[in-house]
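The structure follows.
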Amino acid sequence: MSGEIEISVKNLNLWFGNFQALKNVNIDIPKNAVTALIGPSGCGKSTFIKTLDRMNDLVDNVKFTGEVIYKGRNILNSDTDVVALRKEIGMVFQKPNPFPKSIFDNVAYGPRVHGIRDKKALNEIVERSLKGAAIWDEVKDRLNESALRLSGGQQQRLCIARLLAVEPDVLLMDEPASALDPIATSKIEDLIYELKKEYTIIIVTHNMQQAARVSSHTAFFFLGELVEYASTIDLFERPREKKTEDYVTGKFG
Amino acid sequence: MVVTFNRAVRTLRRSGTRDAGERFIQLILLVCAVSSIFAIFLIIVFVFSQGVPFLAEAGLGFLTTSVWLPADSFAAGTWGIFPIILGSLIVTLGAVAIGAPLGIACAVFLAEIAPPAVRRLLVPSVSALAGVPSVVYGFFALLVIVPWIRGQFGGFGTSILACWIILSVMILPTIISVSTDAVRAVPREYKEGSLAMGATRWQTIRSVLIPAASSGIMASVILGMGRAIGETMAVLLVAGNSVTIPGSIFAPVSTLTATIALEMGYATGAHQQALFAMGVVLFVFILILTGLANLASRRRVTF
Amino acid sequence: MPAKRREIVPMALLWGAGISTIVILIVILAYILAKGLPLISWHFLTTNPGVRGQTGAGIYSTIVATVAVTGVALLVAAPLSVGGAIYLNEYTRENLLRKVIRQAAEVLAGIPSIIIGLFGFLFFVIYLLPYTGGWSVLSAGLTLAFMVLPISLRISEEALKAVPGELREGSLGLGATKWQSITTVVLPTALPGIITGLILGMGRAIGETAAILLTAGGALGVIQSLRDPACPMTLYIYNILTEYNDTSAAYGTAAVLIIAILAITFITDWLMNSYTKKLQGL
């Protein structure tokens, strides 16, 4: 695999109580590229990305072993500042989750909790972030309206803008378009294409066409195991594993 | 100008001061959360500290004998609160007998039948009924219900009947709101299943909804009972407060709550302790009712 | 259809039960307001009660007493109940502690006010006399805090529970700390519900009499400090009814109380509706 590595995962195992959700996962995530995670529901792909920003910590009885190396340290270590980590590794959720605040306040939320109070600076960050998420033109005249009045697709792009405002390095996207219609989906995909120039993106999707369209690398998960990880073209056209082939050709899933 | 976060502060190691701050906040919140437990503890310790020694000295006769002639010292007084306990029970059971059918019917109406416009009127009415101060209920009862009873049936008017009428109204909000929740919580499928078999609305209510909601309805009645037995001001104003075993529903009556409220103002010494002991008796009644209500709402429904 | 005809009686009874609940409320309110409203005037609200409730006097000092006692109760109960609700909903999962606290709040809410009054008398009036001044606004307010606490705790907890979990995830996902997420996203979202709980608790404090009877002292002068004895409106009504011959001031006082309770009912109703709408983004 060419290029720089952003996140390197080594021998990752994860349990919810007695249930092992991830089994000995090893994967290197390339920098400034889109990596897609595919697999049937319950295969562990969502659990996997929630491990990368330690969102699984919110779940009861979660245990993990192994290493996730990011910026030279194992972020699974107990002395990791998960708050600072989540600022650098941001997450876009399956269902858009704007706060019941104005559009402006949604985007300014992150900078504000991180201590930026200056009005001019906030204005600038909000505008830059909304432009970055390709939604500025649609909302620039209604920044003080409630974010909940936006359409589902707009809400999701707003959530991406909200994330860009805290200047993360990595964007995790958990089926970001699964709740959206085809037009809104294609806008999100265009946006992902733009964003990969500056960000490392990991996207979970159940839509294989989407994986093929947006990603350069694809990982196939099945029953908690990483079955195959390759460049997207190779994985879809020349899968090495029988399971992968069955899945990408639609034999199960 | 490009605004950007200071990259230097972005180490991924945990911040000790921030962790400590968050833990401190969590500790304060924990203290707030356990304040309810602490409050009950305080109430029990203080009320029991006065009441239990008296109960120990007076023995079972306190509960079973009928002459109440309190005095400053234990030896000088006569301590029998049986008529008072009986009064509390009579007043409570009668109020529930009147209030429960009305409240349950109102709950079924609210949950199943009321058109939206009526519901929008009824829901705030029930909360307003719950909000009316008990002294105002007592005031109304003293100036409207008591004279009416006096005119219709003779006597003083301050009587068991007056207590029943006003208490049955006062327990309505409790019974209605808890029962409504119980009826609403019945799965839609039960109702739809019954209606689909050609049952009428009333048949469905009677043979599916009410049985399925029965544990919650039972809990609402028990909670209403707790409210009635604990009610003070309205009863104090209309009961007549005579410590005798009442001969009819038009006779005056005395309850635990009213006696405590009435006599606390001037009681001293053993008399005051006796009132605390009555508080302990009342507390035990309430605990039993709360326990029963819990049991009722946990009971598995089969029908 | 015979089945349909058999419906008429039970259906009419259910309608009757619903309508009679509204009618009972209207009768009680109408009676007191009809007799009490004509007595309410600026003079009535701003003049102190006369000796033995003489006609022509007002209820100023009793309003002040009610406000002061309620204020003390809320000042103590509000942080405890909101803080407790935050702890229960945001920092614990379903465990034993949470069950025990919830059960405790339920028991506390069910304790008759006269027992809380007995406790308040013993603890605040007698035991803490050097600090509370004995029978006083402070003793009464602190006693009432025990009654406001469980009401406000339960409703605040429900309000927090109604805040969607995705909002918390969204905030944590942006690198906000837990406490930042609570103060900037969770609490503002739940605020109408929390305020509803506090207002309902306030209504309970305004309307309470039995516990006040044992702790406030009943003095009719305008309080100069929180350690002075006082006579809130509810206690004044009781005193008029049991001690005075002229009961007209009781109508006026009761009417003022009724108006306060109606205002509380409407405000909370409106707040809860706006809360629902807020969560739906309207």
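As written, the chains take the letters A, B and C, and residue 1 is the first residue of each chain.
The rule we apply is simple: a residue touches a chain if its C-beta (ideal position, glycine included) is under 8 Å from a C-beta of that chain, and two chains touch if they have at least 3 such contacts.
This structure is a prediction, so every number in the text was calculated from the model and none was measured.
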Chain with minimal offset from the mean of all protein Cα atoms: C
Pair of chains joined by more contacts [C-beta pairs], A-B or B-C: B-C
Centroid-based (C-alpha) most distant chain relative to chain C: A
For chain A paired with chain C, centre-to-centre distance based on mean C-alpha positions, whole Å: 47
Approximate Å spacing (C-alpha centroids) for the pair chain B, chain C: 15
Distance between the centres, which are taken as Cα means, of chain B and chain A, whole angstrom: 52
Sites on chain B at which at least two other chains make contact: 18
Where chain A touches two or more other chains at once, by residue number: 83-85, 87-88, 114, 166
Multi-partner residues of chain C (each touching 2 or more other chains): 177
Contact footprint of chain C on chain B as seen in their complex: 18, 21-22, 25-26, 28-37, 39-40, 42-43, 46-47, 49-50, 102-103, 105-106, 108-110, 113-114, 118, 121-129, 131-140, 142-144, 169, 172, 176, 200-203, 205-206, 223, 226, 229-233, 236-237, 257, 260-261, 264-265, 275-276, 279, 282-283, 286-287, 289-290
Chain B contact footprint on chain A (complex, rising order): 70-71, 73, 75, 79-81, 83-85, 87-88, 114, 116, 121, 124-125, 166-167
List of chain C residues in touch with chain A within their complex: 93, 164, 166-167, 169-177, 180, 184-185, 188-189, 278-282
Residue ranges of chain A in contact with chain C within the complex: 53, 55, 58, 60, 83-88, 90-91, 93, 95, 97-101, 109-110, 112-114, 146-149, 159, 162-163, 166
Footprint of chain A on chain B - complex, ascending: 1-5, 10-15, 18
